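The letters A, B, C and D name the chains in turn, as written, and every chain counts its residues from 1.
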Amino acid sequence: MPDSATAGGFLLVFAIVLPVVGALLSLVLGGRHAERVTLILIPAGLAVAVAIAASIWRTHGMLQYFVGGWDPPLGVAFRADGLSAVMLVTAALLICGIGLFARAQFPSPRGAEKRAPSVFWTLLLTNWGALNAVFIGGDLFNLYVALELLTFAAVPLVSLDGRPETLAAALRYLLFALFGSILYLLGAVLLYGVYGTLDIVLLASRIRAEPAAWAAIALITAGLLAKAALYPFHLWLPPAHAGAPAPASALLSGLVVKAPFFLVVRLWFDVMPKIPERAAAQVLGILGAAAILFGSAVALRQARLKLLIAYSTVAQIGYLFLMFPLAIKPEAGHPWSTFAWTGGVVQAISHAFAKAAMFMAAGLIAEGLGHDRIAGLAGIGRALPISVLAFGLGGLSLMGLPPSGGFVAKAMLLTAAVAEGQWWWALVVLMGGLLAAGYVFLVLARSLAEPLEPLRLSTTISPCRQTIVLVLALGAVLLGFVPLEPLELLQIGRPDIAIDRLK
Amino acid sequence: MSAAIPYGLCSAVLVGLGLFGLITHPQPLRKILAFNLIGSGVFLLFGVIARRGAAVGFGGDPVPQALVITGLVVAFAGTALAVALLLRLVDETRRGTLRDE
Amino acid sequence: MALAFDIVLVLLILGVATWTISARDTFAAVVGFIGFGLVLALAWVCLAAPDVALTEAAIGSGLTGGLLVGASARLRRTETTSGETPSISLRLSAGVVCTFISAGLAAIVLELPGKAPTLAPQVAANLAMIGLDNPVTAVLMAYRAVDTLLEVVVLLLVLGGIWSLAPDHLWGGSPGSRHLAGPDGVLPFVAQLLVPVGILVGIHIFWIGSVAPGGEFQGATILAAMWILATMAGLVDMPAVSRRWLRLLLVAGSAVFFAVGFAGFAMAGAFLAYPEAYAKLLILIIEIPLTLSIAATLALLVAGPPERAPQE
Amino acid sequence: MSLALNGLTIVAVCAGAFFFLAGTVGLLRFPDALSRLHALTKADNLGLGLVVLGLLFQVGGVFAALKLIGVWLLTLLAAATVSQLLARAARASGPHE
């Protein structure tokens, strides 16, 4: 653990500041400039993310930066380990895809500023800045502000079209998120009251197994679960994610719900590795299992494509939390524990790509048909083959079939579960895969069916947009060629793991 | 130091009261109100912890006090967004039902 | 004696809070909440946090209260239709759960370590380096300046989110309806008297923030309130949200904040670091536009989304 | 000297508190909006005035004293305005309530 700022640490500042300054610039310039600023900043932000990852890979250590030169506990630190780097790059790639895709949906007109495009582009940048702030935040209160920034950037995207249903969905989302943040804050203040710091690394060295610490961790975790929409806090997610415009849904389902999950991982594996709470980890696992079974079963019964995908997000979030009972061990650095941990993270990344592709494919299908009723999909496979292919490839990852990132993730969770003798989680993974296969094939079968009368698309869909979606879906597939073993980059900077023990 | 204890208990009760309101009130505006009450309870706990940290001539630890100021502003922002969403929703649904009938 | 006062104050706070939760009428509950904020501000004084007391009174009670009063007045007409009450069993189980949570929290508060951890010595040790006397302002503007910076961005972002709720054809228009000054209006008369005084008070509170309780958020709230008062009295009108000068005013504070932050790379070797000789001056350079930007943002947050079509 | 000042303070503040009490009783007991307002504003303005007067004996400097008087004047202004507005609203909504 470096105890001073590392060379290249300033890159972390840029990861946050670039998108945020871009958003402010869009607000001032308004109109068509919002889109331009975003499209200029996307390659710059991607470069910063890649540079951070490269620097971590090269030095095999964390990046650290003390803002204003004040070291914690007085000041605020930004830190990036291997996990942060991977999330930063994932976010940058997805934002890139979403931005290119959204150009056709939110074109900025000449002359007077229009509402939806200006808002969308500004919020896309703010979401990005907030996500990066979550991924590199090293201070619990700074993370609170970052989480709020993320929430307030995500909620207006849901109600962008101003229909009463989406307004209601946005309000419900906001109330859940505010409730989650206040629980989080309550936990954070308890930690400060007992240990006198909010810095994650300092906390990790000071925290002890005592009631106040347990209560604080429980409160923070509960708050984050409400924001991550883990069962039973999932109620807000389907209407919100299904109601948003397609690129916004991709952002929300692919990235925004991963931010609170990322913080739960941070908290459980980095802050309190010394408090092994296997019972609590089992609770998280049970909630995850319930989410998988419930979300998949409800997804099967949906009549609309976007709602089906949204319920599938509820289920896939469940998989993320299966890593807790499998990876939390009394002794640190257990090989299977690292296996399960890696599986969970790979699941987060591959789901991000797969789900973004599926939501945007569904958006194109709905645009072409003028509706997204699953019963009326017949013939779309012939009319929009690339979109349907992208949907199918994304579905591959959800089911966990090879080759796909989802397969790698689920195989790792499955292996860890069997090897540790916790076979019931393996059962849940398999059941979830079967149910996912059910709802994906349901959609594909309908799309490939012969229509009663020749299908006429209400608008033409440009092949370019379909290609972007396909590329994202291929990203999820490509993750399937990742070797089935703990990835070295992901482990850099993790306190309880000695990398050489893994091999 | 003991002077902070009544306020600490007060903050605990405020959190419970607000939570109760959040669960039991069906109207969104009352939920927003209850959320603000929980927020006040949490901030008060910051104040208690700051007061306990009084040292070197300061009446309290300035760090949590500054965090409360930031938190209050953020909570206000959240309330403003929720209220705006609610008002727009009410406008839309009322107009919607009038149009339907 | 002091303890007795504390206990009475706490009982008062809890009494008003209970009223806020239990009142049947939403409007009454909101009025209770405003009172709650004022009593709570008193509690902050007792906790030796006058900066927070000012903020609580100004933002927690004043602005939030004003916002909620406006909302409940507008919702009054629709309230009768949503008169569903939760079932007894829900209330009972919620009551049990919440009592349990309160009791748990209370137990933790009572069990807090005897020797409280504190950062006060570290804050004090570095105060001279940044040339400020008010430790809270030092935390907000120096040690944890990045929180403050992100928070100002949060305010702007929420304002954008609220504007995004306007219907398409009103985008770029002015928020709220036009208030016209009546010939015998009391409000315009008072506003003419009060607004200049209030602006002075707001500037004063901001200005003394470096040495005494006060600062940019408290001062800005008072300035925002004066703007709202002047608008309600019909003395000025809310500008159209598409106006370039308004956008510049809103962003000015954070823009200067970012600029000084980047200058820190060159001058002091880190983002948002101040060279020792110029720290006080640089903080002031940030604070002046920041106060104006926050004031404008807060006033527009209360005003809500555009409701009048932009004039061509 | 300070004993006499303290005595004056106690007398004035107690008198102020009495007016507040009277105003509150009036708020609770009077039948309609206008008379409630009457009770409240009269009593509270005077009550606050007496409290401020009592505190004036305790302050150190002229500036602090001016600030206290400023607070009183501003409250007077606000109370007068609000009661005007309330009274108009009450008259507009009819004689009852």
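Heads up, the rule we're going with is that a contact is a pair of C-beta atoms (placed from the backbone, for glycine too) under 8 Å apart; a residue touches a chain by one contact, two chains touch by 3 or more.
Bear in mind that the values here come from a model prediction, so they are computed numbers and not experimental data.
Enquirer: Decide which interface, A-C or B-C, involves more C-beta pairs in contact, and give its chain pair.
Expert: When A-C is set beside B-C, the one with more contacts is B-C.
Enquirer: Hey, how far is the Cα centre of chain B from the one of chain C, in Å?
Expert: 12
Enquirer: Per the centroid of Cα atoms for each chain, what is the distance between chain A and chain C, given in Å?
Expert: The mean C-alpha positions of chain A and chain C differ by 31 Å.
Enquirer: Using mean CA coordinates as chain centres, what's the gap between chain A and chain D in Å?
Expert: That pair's centroid distance is 57 Å.
Enquirer: What are the residue numbers in chain D that touch two or more other chains?
Expert: none
Enquirer: Which chain A residues touch at least two other chains?
Expert: Within chain A, residues 74, 141, 145, 148, 152, 155-156, 159, 162, 167, 186, 190, 192-193, 196 contact more than one other chain.
Enquirer: Using the touch rule from the top of the page, what residues of chain C touch 2 or more other chains?
Expert: 105, 112, 116-119, 123, 143-144, 147, 151, 154, 158, 161, 165
Enquirer: By the touch definition up top, name every chain pair that qualifies.
Expert: Applying the touch criterion to every chain pair yields A-B, A-C, B-C, C-D.
Enquirer: Can you name the residues of chain D that touch chain C in the complex?
Expert: 74, 77-78, 81, 84-85
Enquirer: Quick one: in the complex, what on chain C touches chain B?
Expert: 2-3, 6-7, 9-10, 13-14, 17-18, 20-21, 26, 29-30, 33, 36-37, 40, 43-44, 46-49, 51-52, 55-56, 59-60, 63-64, 67-68, 71-72, 74-75, 78-79, 82, 84-86, 90-91, 94-95, 97-99, 101-103, 105-106, 109-110, 112, 116-121, 123-124, 135-136, 138-140, 143-144, 147-148, 151, 154-155, 158, 161-162, 165, 215, 217, 298, 301-302, 304-305
Enquirer: Taking the complex as given, what residues does chain B use to touch chain C?
Expert: Checking each residue of chain B against chain C gives 1-21, 23-27, 29-30, 32-34, 36-37, 40, 43-45, 47-63, 65-70, 72-81, 83-88, 90, 94.
Enquirer: In their shared complex, at which residues does chain C touch chain D?
Expert: It comes out as residues 186-187, 190, 193-194, 197.
Enquirer: Considering only the defined contacts, which chain A positions touch chain C in the complex?
Expert: The touching residues are 5, 10, 13, 17, 20-21, 23-24, 27-28, 30, 65-70, 73-76, 112-116, 119, 122-123, 126, 129, 133, 141-142, 145-146, 148-149, 152-153, 155-156, 159-160, 162, 167, 186, 190, 192-197, 211-212, 215.
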